[in-house]
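Can you read through this structure? Questions will come right after.
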Amino acid sequence: MLSFENDYSSAAAPQILDRMQQIANEQHPGYGNDQYCQMAGDKIRAACQNPEADIWFLTGGTQTNATVLSAITPAYAGVVCADSGHINTHEAGAVEATGHKVLTLPGQDGKITAEALDDFCERFEADANHTHMVYPGSVYVSQSTEYGTVYSRDELAAIAQVAHDHGMPLFVDGARLGYALESDGCDMTLADVAMIADVFTIGGTKVGALFGEAVVFTKRNTPKNFTTIVKQHGALLAKGFLLGLQFDTLFTDDLYFKLAKHADAAADRIRAALVSKGYDVAFTSVTNQIMITVSNDKAAALAKQVKLGFIEQVDAGHVMLRICTSWATTDKQVDELISLL
Amino acid sequence: MLSFENDYSSAAAPQILDRMQQIANEQHPGYGNDQYCQMAGDKIRAACQNPEADIWFLTGGTQTNATVLSAITPAYAGVVCADSGHINTHEAGAVEATGHKVLTLPGQDGKITAEALDDFCERFEADANHTHMVYPGSVYVSQSTEYGTVYSRDELAAIAQVAHDHGMPLFVDGARLGYALESDGCDMTLADVAMIADVFTIGGTKVGALFGEAVVFTKRNTPKNFTTIVKQHGALLAKGFLLGLQFDTLFTDDLYFKLAKHADAAADRIRAALVSKGYDVAFTSVTNQIMITVSNDKAAALAKQVKLGFIEQVDAGHVMLRICTSWATTDKQVDELISLL
Amino acid sequence: MLSFENDYSSAAAPQILDRMQQIANEQHPGYGNDQYCQMAGDKIRAACQNPEADIWFLTGGTQTNATVLSAITPAYAGVVCADSGHINTHEAGAVEATGHKVLTLPGQDGKITAEALDDFCERFEADANHTHMVYPGSVYVSQSTEYGTVYSRDELAAIAQVAHDHGMPLFVDGARLGYALESDGCDMTLADVAMIADVFTIGGTKVGALFGEAVVFTKRNTPKNFTTIVKQHGALLAKGFLLGLQFDTLFTDDLYFKLAKHADAAADRIRAALVSKGYDVAFTSVTNQIMITVSNDKAAALAKQVKLGFIEQVDAGHVMLRICTSWATTDKQVDELISLL
Amino acid sequence: MLSFENDYSSAAAPQILDRMQQIANEQHPGYGNDQYCQMAGDKIRAACQNPEADIWFLTGGTQTNATVLSAITPAYAGVVCADSGHINTHEAGAVEATGHKVLTLPGQDGKITAEALDDFCERFEADANHTHMVYPGSVYVSQSTEYGTVYSRDELAAIAQVAHDHGMPLFVDGARLGYALESDGCDMTLADVAMIADVFTIGGTKVGALFGEAVVFTKRNTPKNFTTIVKQHGALLAKGFLLGLQFDTLFTDDLYFKLAKHADAAADRIRAALVSKGYDVAFTSVTNQIMITVSNDKAAALAKQVKLGFIEQVDAGHVMLRICTSWATTDKQVDELISLL
């Protein structure tokens, strides 16, 4: 059945599968100490225009978020994020399982603002009882967000400034970073992200890879003995060369960006169709995720013909659904979907 | 200086200090395996009208909350409470440090409702993605609440019913239980609490003891090897007999209740004076805590003559302050305070 | 350069890479809710002769050990294992990071005995202070062990019996289970493991897969809400179908066993050569790992021609090295190695 | 019945109980922000001859060890200690519950040596796989030890030197520090401890107080936001002034040292009697704890007349018992015990 359920339902870009075949008879050192990880790191550093960036390759998003956030957040502190942030909603309490509270700010279109963050920190510091409270210790934002929206360059830079003013690193969850950067609605490059964020991820799982998230520490700020921290979190892949190989492929000939642009263009076509047909499109998404609010009846009708993501029951009569394109979405699938809407 | 800052600024009721002196030359087994703990447990069981209640004595409130909540909440689950709940605001993330998310409901006068709890659980269970979310695993309420308000017997019973319907135990934080039960505004007895809650605490620290919180498991539901769990949390006092002795004293001749009633009566006098003088009294507190909203200037003037608790900066021109009586508050202190208001 | 460094230096068996290509254009549900996971589970259940076995697929060994062990071990308890157990030595404290002490027994050839386990538990229970100690809460053994040795069926059954007598589940780390089961020195089948162990893993990473460990709960004893527990540990792969596909392939036409047998046979040839050449072979390994103790000079000479694993500096003049074959080892590589020895 | 079971069976020195009475009508700020904590800190700084020492007061020993050790040990690291160390044996895994492995060295009379520590660290650093292992991150020693023995000044200084050479702080658990320092067999002063250790505790619970452990950071090395860390561990006593008051009393007129000397002298008398009567005295204890190995029959006979501590079943026919004096032990009790032996 036609599916726009998510962006992780297909295996991998053919270039990646081909290279897997090509290296079938090679032997490589384990745990990321291989040439492909080195090559991929070099290419990412170049793409980031940051020769000092330190690159690590982990397997999955929740794993990466919990490993990195627990490593950069002091024991007495929590992670500040939008209430809609993935770590707060759909990671099963993985951050709290490492001992850190998630401190939420009300999100706007899935985003926090520098102003709200500053206000939160100022109030905290002014509170006479703040030594009995959880300190804001790091800041988590998603680019693109869980609702498909994006931060502008200025917005993200302002958040970073506030974070730094209050002694916190800024972590950017880039599980869908490609879809953000290639969106027409985004004014930011990978180099911008690398300049602004203290640490960010480049999601492979949702943008062409079988699996894998690249972690980029941008400011000579890699936590000490990070290999051991990654291992302790069960996040050190034995065959790390598989991660290196995939990211080396993704960052060859701009494949990562081309795959993302393809998905964004497909979403743009669908968005245009939705608007012209009078759908209630929620949020100001400009990336590969589109949220629509439809009646229960409409949702039931659609469910017979296409798999979509379920977001929430908005009220007794309406649900919010997600249409999600990916690097693997075909023009034919888009046509079929539009004809169903 | 006159102080109504909190209810833990004085050492202990004279009866307790006297008994400390009386046992000065005795020797007792350690870790709660002594006659006083046994005697105190018997008296609390009788006061609870629950012969099967299992009683433990720990030292402090945050310690007790974290130890018990982590023991009764499954690893995959969080603790549901009001956003104003002490574990969510002023325990430095102690619950999260044990790996559990605190799941908040918007509080009303510091309380949650059975309806809101049920709605939260129903929405959780209906959510297609709930296996990626933190399960509601236990329910935490404070009696009296952080704002001095109390749950009625019906309200608490309804919350327990909803909790049980969703497979969760109800934990009642009774750090100020005495002040709740002896309030004219409360329709509940200790036996009611013991019947309704799955586990609750009887706060000694704020009601006449030097320190100490009694934990009462009401339904043959003590977590297995709880001694070891308490020890692992650093919460097993070597000289446990000091806890037993204090609670034995507090539950002799209703001392615990008399001390609490005294503080509530003092607060009632102050509340009446505040109302007659036109103060803006926040919340519907009926216990020993009174929250007032005053101008910054008024707050500054008061601060020269009496120590009060600071709650929050309400807006640019106003602050919320707390007037807190205790078992040790004297009539003279109340008179002085009223004359200052 | 020739390498017998480890058994995770090659990508994957060609059958697995081929199937990855075949499904390139398919779309599948995420997180293991796909047909391949279902098919793989069915095949594993059949191979285990245990229709009730509950199968899960995780990514890596340390991740799997920490996730499962923390889920089956009570909060007040630790995990008992040989001092040479992987969780005690080379997993960066991942088990302790979940809050559980690792309780070690002196290993013999990398193995524990039922007698030693029973003695440990008896002493624990007899200790007057045991409530202040870490309870033995689960038992961890590796099959094959970190030294390439194997438990006999009787040995493992006896350990399980003792574990059960003391209320503990037996966890078998099967990161190299295939190499154990196909060894001429092993008298056990997969069905035996499934009958004896309460939960065990079938390692894919080291036996033909790109990555992946199957977890098998054998006695309707899957921890409640295990999906959420796995997610909380960052161990729920988005594209779970990649795990299902690999294990479906491995358990088609006995591929898993054939791959393992091939490696064991290669090791047998090498072992025979080592013995005939008078090497000091440590332990009684019968699987794909061979430990040899050589002089520093010999080690240096070998290092110029073949990559071997480094185990430890035995004394000032000698080191222990590991020769490790795998499913990917060729006859030519074995010939070359033997000629070097 | 006569009891030499432990050193925490009596309430407190009369000077402490008297001061509790004297302050009964006072009011003090909470959480250690009171004049008595200030005064006690000043007196301890003076006694330590370390004007920069930072003093904190916590309630119990296990709580203190876990709170401080987790704060000074990096996330990727463990705590090195003797296998007989209290944190390794009788604290219910409290350190592991904070996520840190306890790394044990074989103890000699309950002590570790600088040489063994250095060897352990050198081997760790030389191990090719050490990034997959738990780093040695801090060092824990007990003074006096769990067997009543003491480190000499040179021994402790050498351990500190090795610890510092390997980048680790030295933590000295002084639950029985007074009994160590006042022993004829100890050549160290409190000022020596303060000079050598990076952080140490001065145990009140076992030396005259109702409860309480003073934590001394000696080198401007208090962990950032330590108040919050203490609170997060449930270790911040509401009525902190009770801790301050007790330590102020103990450090007035050398009371702490006099109480300890009294217990040591009593133990010396008992030791002399044991030797003259031909008992098998284990370890080279010079403090208030004496370990004797007796036949089961003898142990049973003694048990009818005096309560002693049980250490372990040495073999089928013998047990090790502990005779423990305290600040509260009377000459009459010593006479009675000696007559029974």
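By letter and in written order, the chains are A, B, C and D; residue numbering begins at 1 in each of them.
Going forward, a contact is a pair of C-beta atoms (placed from the backbone, for glycine too) under 8 Å apart; a residue touches a chain by one contact, two chains touch by 3 or more.
Nothing here was measured: the structure is a model prediction, and the numbers come from that model.
S.K.: State the pair with the higher C-beta contact count; candidates are A-C and C-D.
M.R.: Looking at contacts between chains, A-C has the larger number.
S.K.: In terms of residue-numbered contact pairs, which of A-D, A-B or B-D coincides with B-C for over half of them?
M.R.: A-D
S.K.: What is the distance in Å between the mean C-alpha positions of chain C and chain D?
M.R.: That gives a centre separation of 41 Å.
S.K.: What whole-Å value do you get for the distance between chain A and chain D if each is reduced to the mean of its CA atoms?
M.R.: Comparing mean C-alpha positions, chain D is 49 Å from chain A.
S.K.: In whole angstrom, how far does the Cα centroid of chain A sit from the Cα centroid of chain C?
M.R.: Once rounded, the distance between the two centres reads 33 Å.
S.K.: If you look at chain C, which of its residues touch at least two other chains?
M.R.: Correct list: 76, 91-93, 97, 99, 131-134, 228-229, 231-232, 236.
S.K.: Which residues of chain C touch chain A once you look at their complex with the stated criterion?
M.R.: Within the complex, chain C contacts chain A at residues 3, 5-6, 8-12, 14, 17, 20-21, 23-30, 59-67, 91-94, 97, 205-206, 210-211, 228-229, 231-239, 242, 328.
S.K.: Would you mind writing out the residues of chain A in touch with chain D in their complex?
M.R.: Touch list, chain A to chain D: 31, 70-71, 74-77, 99, 131-135, 224-225, 227-229, 231-232, 236.
S.K.: Give every residue of chain D touching chain C within the complex, in rising order.
M.R.: Counting only chain D, the residues touching chain C are 76, 78, 89-93, 96-102, 123, 126-129, 131-134, 310, 312-313.
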